[in-house]
Each structure stands twice: as C-alpha cells, then as structure tokens.
Amino acid sequence: MSLRLQARKLACERDDRWLFRDLDLTLNAGEILRIEGPNGSGKTTLLKILSGQLGDYDGELSWCGQPMRQVRRDFLANLIYLGHAPGVKAALTPLENLAWYQALAGEARAGKSGHALRMAALDSIGLGGFEDIPAGQLSAGQQRRVALARLELIPRALWVLDEPFTAIDQNGVAALEARLITHVRRGGSVLVTTHHVMKASARLRSVRLGDD
Amino acid sequence: MWAFIHKLGSPKWFYAISARLLPWLWVAAVALIVTGSIWGLLYAPADYQQGNSFRIIYVHVPAAFLAQSVFVSMAAAGLVFMVWKIKVADMAAAMMAPLGACMTFVALFSGAVWGVPTWGTWWQWDARLTSMLILFFLYIGVIALRGAFTSRDAGARAASVLALVGVINIPIIKYSVDWWYTLHQTASFTFTSRPAMPAQMYVPLLLMVLGFYCFFIALTLTRTRTEILRREGSKRWVRQLVEGRL
Amino acid sequence: MSGWEMIDVSVNTKPTGTVESLLVSEPEGGLIGAIKATLVRDMTLLLRRRGEMLNPLVFFALVITLFPIGISPEAETLAAIAPGLLWVAALLAALLSLDSLFRGDHDDGALEQLLLSPHPLPLLALTKVAVHWLMTGLPLALMAPLLGVMLALPSGSYVVLAVSLALGSAILSLVGAIGAALTVGLARGGVLVSLLVLPLYIPVLIFGAGAVQAAVSGANVAAHLAILGALLAVALGLAPFAIAASLRISLNG
C-alpha cells in the first residue's frame, strides 16, 4: 500500500461564498505539498478538509485510493496535524503534554520506554532540561516546539502542518525545514501552509489558492 | 427517492411548487379560522360550568397544539438539513422558530386569561401551563443559539442539534411535569379532565385547529420563500425572476 | 537550539528505515489507553487549579446561606423548603462549572487534536464529562448533607439527598455538556449555556427534589431514584453523540 492523498474537483462553500472550486491535487509518498494564498483564501479550511476534520465539501477526496468518508479512521491513524494553536496545556509540563498525545495516538508504552521516548523527542527539538516546567512558563516559541515534538514522538507517515514556522527562531526554522525534507526522503509526506519561503527542492510542489 | 429528495431540496423547485400550493392554503386557513371563530364564539352553547369564558378554548387549544407541533417539525427540518444537507430545510426551520415561540406565547397568554374566571388568578402552576412555559424557554434557546453564531452555517447546525435534543426531551419534560403536578395538585379543575363535549362545541374547535395548521403551513412557506430570495439573491434564477417582475 | 541539526545529520548518514513501513491499515487498539490518559490529564489539570474546582462548592454553600437570610431563620420554614432549595442550589452550582468543561481545550487547540484522534469522539467526550462529574457533581452531592443540617432538613433524608444528587448531577453533567459543546466556539457563551440547558434540567430537578421530599414525608423513594437512574441511562446512551456532534460544529462550523 502506498501513501496517496488525492482530491478531485474539490470545492467548499461557506455562507454562500465559494472558498475554492474545482481543486485537483495529489500528494504522494515522498512529497511536500505547499498550499499558498493570501489571507482569507481558505488555506486553513482546505487543510482541515484534507486532514479529515471537515466533511462539508463537494467533490471527491480519497486516501490510498479509497473514499475518505469510508476510511476516515484509517486515515486519522496515519496523520499528525498541527494547527494554528499548539494544543499545549499551560498547566501541564511538556512531558505530561506529550504523554497525552502519545496515548491518544495509540502509542502509549508502559513504564520506562514511553518516558524515554518522550525525553528523546524533547531533547531532539532542543527542550532538554525544560521537561518538568509547566508549559505556561515557557516562551511561545518553546510551546510551539513542544507541539513539534509530537512529530518526533509519534511516527506517522502524513504530516499536515498549518503555519508551522510561526513563533520559532531562525535556527528552529532551518531545522524544521530540514526535518521536513528528511521526513519525505524517508517516504513520508508533508502538507503545509506557510508564508515562509522554503528552499526549492525537487520534492516540493505548490498549490495556489485565491487567484480566481 | 434520492432524486426526489434532492429535487425537493433545490430552492428553485421549492419556490415554484410552493407558489402553486400557497393560494389554496391561505384560502383554507382564512375560511376555517373565520368559520370556526364565528361558530365557536357566537353559536356554540355556553359551558354548563364555566359559562361563556370557556370560549377561550377556541384560541388556547389550537395555539397549544401548534406550539408543540411546530417544535417537532422544526426538529424534523433540522434533521433533514443535517443528514441530507438540504438548505431549504434549514431555512424553513429558521422561519418556524419565531412562529412557534409566538404560538407558545399565545397559548400561555390565553391560558393566563382563562385562569382569571376559572381559578381567580392570572397564573396557576398548572401542569399544561408549566410545560408550555418550559417549551417557550426551549424556543428562546434555539433562537438565541442560532443568532449567537457569526457563521450562518454553523449557527444552523447548532440550532438543529439543539432542536433535536429538545424534541427528545419534550416528552420527558411533559411526563415529569404531569407527575410533579399530580403530587402537588391544589386546583380542583384542569382543562384536561372534562366531560365529553357536544358536537356543537368540538366541531368549531376542530375547524379552528385545522385552520391554525393551515395558517402555520402557509405562513412558513411564505416566509421560507422570502428567505430563499434573500439567501439565493446572487443566483441567476433569482435575478431573472426579479427582472422579469420589474 | 542545536538538537535538530544533530538529528538531521544522523538521519542523513543512515537513511534506512522508511516511513512507508509506518502506514497502518487498521487503527491500533489503545482506546483504553487513550481514555485512561484523558482521565489522568483532566484530573491533573483540575487538581493543579484547585480554586476552580472549589468554586462550585463555595457557590453552593453561599447560595444556601442566602435563603435563611432572605426568607426566615425559623427551622420549620426552612425544613419545608430545604429539599427543593438544596437541589436548586446544587443544580445552579453544577451549571456554573459547565462553561469551563471544553473552553480551555478549545482555546489552546487541544480540542482540535481530540477531534483528530482515530478513537471514537463520543467516548473521549464521555471521559471528559466523567471527570467533570467526579470533580463537581460528586463533591456537591457529598457536601449537600452538610448544608442540609444548616437548613434543618429532617433526619432520615440525608442519604437520599446525597444519592439523588450523585445520580442527578451525572445527568446534569451529560446534558450540560451538550450546551457547553454548542457554545464553546462563542466568545460569550456563558449566559447562553444556562438558557439552553436549564429547561432541559427540569425533569432531573423534579425527580431529584421529589426523592428528597418523599424521604422527608416517609414515602417510598425507590420510584424517584429508579426514574433518575432511567434518565441517566438514556442520557448516557444519547448525550455523548450529541456532545460529539456539537463539538464538531463548534470547531469546524
């Protein structure tokens, strides 16, 4: 089975306004698909449809050749989604935050190994030493990194990222960009909206919204 | 079946078919209500116990019937909207809500007025009036929830869910209020437990009930048609329609 | 922050293990794990903000204090209205805590992630409601007999008071969660929740307060409690689906 997210003649109408119409796109294994467009052109809505959150669309959406509406749970089990908000609880420590996500994704490991995995994930995004501080005391960029640590912690093929470069410092941006490349090089796929100009790559394709 | 549902769901088709039904409905509503009122108010015999004050029944009972039926049909329209994504159903539901709230208010008010000659008070915590009051609050909730959303589609869905939750609760509320009332019963007289009415009394009541239903359907269709024109104002068929008329 | 650069290098040197092998066709089990983790997480969150958890209890005690002052301190008068008062005050206290049920998760984006879990949303939502009941409804039920003493509630009805409130507040949490879920996306949902939810609370109030009243007058309370139990069963069966649908509407329109 090969990863393939495909949309044909996708259209979305909100309160009598067409956000987009007749949109065709395909995301294969090993590809980064970047969705561009001005503010209000429906990037986030498209991302929500493509990540299976929004079922209110016209057209066809398929995952690995099967209609999305039928294989939604399968699809979700292969997905990591990072939205506008980091989804990090201020009152919980980074470790506790990650523990919930790990369990929610069905990756809960009992005892030491789960903890070790979480520590390794935090270390790899440069949050080693911050693991026991309530996330509310971390900076916005660090909280964002806690959310990004999920990418390391939970091995999933499809990453859907809504403006992932927000609030991260320059080094972090470069590292995340490199991380996206390694993910697709290993056969994963990335769907991303961003205003950040990404390095040209053979694996990077773009879709533009809001031109009509 | 599918094709039929979706055809019915198309605003254009709905607009056309309702135009043919409406005149009949309005005529029936006016005829039934006028006949029922004259018969009920002037020719029906006075009640042996309550005298002429019982004639409020000709407004109170149809309004109370309608108050409950409108909520059920609103929930049904909400369900159709949620399941088949038919927008006309939501427009109808949105138009029904204020109408149902008005009917509930009429039932409450006429009940209160009726209370003066029968109980000697404007308000009695009678089982029916209490249920009606709760129903009124349910209507207000649905209307307020719809209005609270900035996105019309989200508000429509939220109102549909609440109407469905409400419709499941209405029998439970009704049953529990009746139960509560029998425990605390103080008044010796209720609207419900009365000897069989003579035909001279109940036929006009029947006419009034039918008339109220026709009136409700006609008004809902008329309001839904207006709403269709408002929401679909940018569609070609609406433009053609308007230009043709002007 | 050099962590990432380091991992990139290590990945580049040994580009084995492809992601392809990660594709799973069936969502893994782990539903129990997800529910357990959600329970632990929500409990931890509430325990870290104990003030928020205590608020409904303090509110309950305060409202009960108002009545002897507003009506009469006479034990006879108070005893007559105590069952209803205790129930109404507890109901309002439970209502007060509803708005925070999903709002925190909504504001920081965790709700979005909950909706994206491959596990059934109704069950996860039910877990959150269960925590809400454990942390508000149950403490209210346990505290009620104490306030009953202050209202001169006749002896013999205290156990029924606690049991009816424990059962009833579970229904209140379930039904209230629908209202909370419907309004979580609205900036000022607080007052609206009461408007939506209070009419639906009336049957619970009737049978809950009725049970206590029956216990006071020495009548059989089993019928009341049985009906409360039946209502709870219905709410348990239906409310999670309504909550899940409402959450989806609030989040995605």
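A few remarks follow.
Per-chain residue numbering starts at 1, and chain names A, B and C are given in the order in which the chains are listed.
Keep in mind that, in the parts below, a residue touches a chain if its C-beta (ideal position, glycine included) is under 8 Å from a C-beta of that chain, and two chains touch if they have at least 3 such contacts.
The structure displayed is predicted, hence computed values, not measured ones.
With respect to subunit B, maximal separation of chain centres occurs for A (centres as means of Cα atoms). The most centrally placed chain, judged by C-alpha centroids, is C. Just count the C-beta contacts per chain pair and the biggest one is A-C.
Centre-to-centre separation between subunit A and subunit C, using Cα means, comes to 31 Å. The mean-CA centres of subunit A and subunit B are about 48 angstrom from one another, to the nearest whole unit. The set of subunit A residues touching two or more other chains comprises 14, 56.
Touching of two or more other chains is recorded for residues 151, 153 of subunit B. Within subunit C, contacts with two or more other chains are made by residues 253. Residues 1-8, 11-12, 15, 17-20, 22-31, 33-34, 36-38, 40-41, 44-45, 48-49, 104, 107-110, 112-119, 251-253 of subunit C are the ones touching subunit A in the complex. Residues of subunit C that touch subunit B in their complex: 175, 178, 182-183, 185-186, 189, 192, 195-196, 198-200, 202-203, 206-207, 210, 231, 234, 238, 242, 245-246, 249-250, 253.
Against subunit B, the residues of subunit A that register as touching in their complex are 14-16, 56.
Against subunit C, the residues of subunit B that register as touching in their complex are 134, 137-138, 140-141, 144-145, 148-149, 151, 153-154, 157-158, 161-162, 164-166, 168-169, 172-173, 175-177, 179-180, 183.
Residue ranges of subunit B in contact with subunit A, taken from their complex: 85, 151-153, 231, 234.
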